[in-house]
């Protein structure tokens, strides 16, 4: 239908030396969130970001999107610097972020509407994406009539319709129950296969990250830097049963070891600071 | 809602529903009132304390209503009060919503206006009625001003709260698509704040009605408040009760009408409320 | 950052508030003395202050404040007591709720003020009629909020206590009552406004003393500055009561977060 593009082979996204700090409200001191993060993402790659809780993965993702400014360093998307959010970057939020007063169709169309594109073309496009995520027939339902998993699918359709250069997903399955989560993971891979988008996926769940990605970026505790980038060599297409293969489990152990180390480190530090 | 009541199979289900009980309660209350009054007339207290100067029976109220209606007097007063209400309330909307909005999004505006708003909100604005009469004289305009003062603050404050509590993740959605601030305003802020704003309108109705009455005390020649005062001075409680009934009916109708409006504009809101409320019935 | 800058940063809101109030008073005074020549109409803050001192020295203020305060407090406290009592009753008994609810709804939205002349005819110009009106003004917000507070307590908390074998009364005292406190406090705060309006307006209808009486009498005699003194007193009174209640609420129910 002409909505899918094949990407060239140069880097899609380059991050160089990214720094960010926050000033907390209570004290005057600033907290360094990350210092000097650099990496590269290739077109049509699926990358996951994992790390101990609170290490700043979500902040990082929002900086990539341009929602939050960064202190230092640069971000290049297709060679152009990222300054503000826009339809070239699709963002899928964690919590239910569908506009409750709009139907599924109107929610999906939102991205096009904001660019000033109207008319029957966009409606047809919306319907196509709604079908892609498996919700054909629900176009005129309201978000509160849908289950969590269905809402996230709409979320996905909404992000895809503007044909973004990169898809940024912030723990989109966190609020789903375990079973729905597994199903959504498989569905997501199916859709990714069809659209060939570059995806950067933040999650807490190591297995989810490994199952979905080509590479897994492991963050350290705060101030965060990249501990390691783990390559996931498991061939595609992957079915859910892959999660029980030895290769998969070894990778999961490896990533978990790194994270565990970081978690203990940060707990140790918090104990010193008197937080724990 | 109608929960299954376990007892009394003699009484059919529809008779036991909440609505039925409510209606019966009101009817029985009125009947008791009538009987109470009748009883009083037969006691010496009635004559001694001139009870008929300040109390009227339901039947008397109905009769008086008929008289006032037929003479056109009721309509004349009601229309007058209604105009004051509409003028004052409309002005309150036009002023209150923009200011509430400005205070919510612009920090400095909030900091500068806040002391004045808090201070005036705590004062009964009807207290200004006599002074406004001195300044502006009698008539519809000064009375509408009093109504305006009474209505504007609930509207302003609720608009402020409504805009302040717009969900940030929804704003972020539109921003993430590169939406301009204007688009954020129209596509997220207004829909999300609408229920709160309408709640403000509902609260303002009550205060506006009171303001209408108080304003008319100080020299109108017409209006329901005036009518109430006029007849109470002549010890005729009938018209007083009629006035009360009309005003109460108007207040309740406006309240319900706005509730319907809220439900129509923001159907998703009731659902959200239901999820937040956990009913606790302990019988 | 300079010392002044640091202080400004942290206390910005209060600083701006003070600046705004001072600015407002100054503008008001300027408008009064420069532009409007008619002393009957606009009255600047300076003349209000003068009137205040005059009334104070005449000993008249104390009498009015005492009268209005007395009506307000008595009517308010009785209203709160009855409101909480009936609210609890309606929360506990579904029958009671169904029977009383229509009446509560009607009277809550009614302009009770209209009953004022009747009360005055029945009970005279003295304090009794005023207390009655204040009572009616205060009782319904308290009642309604108490009822809502008790019935909208988080069901999961109730279940948790019940799972520990808690009896109905234990649930009532350990979960429902504390859980309802924030809303009860809200009801108390809403009642202040209505009670105050009740006191003032009942005085409008006929009284021998009180701030409402002061405002009316002064206005009729075209002594606007004195009338404004009355208004300012009400503003202060209302503000103080508000803050007092907020303080009490923080002490009693500190866990309740203000979302705004």
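As written, the chain order gives the labels A, B and C, with residue 1 at the start of each chain.
We adopt the following convention: a contact is a pair of C-beta atoms (placed from the backbone, for glycine too) under 8 Å apart; a residue touches a chain by one contact, two chains touch by 3 or more.
Values in this document were obtained by computation on a predicted structure and should not be read as measured data.
Colleague: Farthest from chain B by Cα centre, which chain is it? Let me know.
Modeller: Looking at centroid distances, A is the chain farthest away.
Colleague: Of all chain pairs, which one counts the most C-beta contacts?
Modeller: B-C
Colleague: Could you put a whole-Å number on the gap between the CA centroids of chain B and chain C?
Modeller: That pair's centroid distance is 18 Å.
Colleague: Taking each chain's centre as its mean C-alpha position, how far apart are chain A and chain B in Å?
Modeller: 49
Colleague: List the centre-to-centre spacing of chain A and chain C in whole Å, with centres computed as mean CA coordinates.
Modeller: 51
Colleague: Among all residues of chain C, which ones touch two or more of the remaining chains?
Modeller: Touching at least two other chains: none.
Colleague: Which residues belonging to chain A are in contact with no fewer than two other chains?
Modeller: none
Colleague: Touching at least two other chains at once: which residues of chain B meet that condition?
Modeller: none
Colleague: So in the complex, which bits of chain B are touching chain C?
Modeller: On the chain B side, the touching residues are 18, 21-23, 25-26, 29, 49, 51, 53-55, 108, 111-116, 118-120, 122-124, 126-131, 133-135, 160-161, 164-165, 206, 209-210, 213-214, 217-218, 225, 228-229, 232-233, 235, 237, 240, 243-244, 247-248, 251-252, 255, 277-283.
Colleague: Once bound in the complex, which stretches of chain C touch chain B?
Modeller: Contact set of chain C toward chain B: 12-13, 16-21, 24, 40-42, 91-95, 98-103, 105-106, 109-111, 113-115, 117-119, 121-122, 150-156, 158, 168, 176, 193, 196-197, 200-201, 204-205, 211-212, 215-216, 219-220, 222, 224, 227-228, 230-231, 234-235, 238-239, 241-242, 259-260.
Colleague: Considering only the defined contacts, which chain B positions touch chain A in the complex?
Modeller: 169-170, 172-179, 183, 187-188, 191, 266-268, 271-272
Colleague: Can you tell me which positions in chain A touch chain B when the two form their complex?
Modeller: Against chain B, the touching part of chain A is residues 65, 67, 84-87, 89-91, 93, 95, 97, 99-101, 110-111, 113-115, 142-144, 162.
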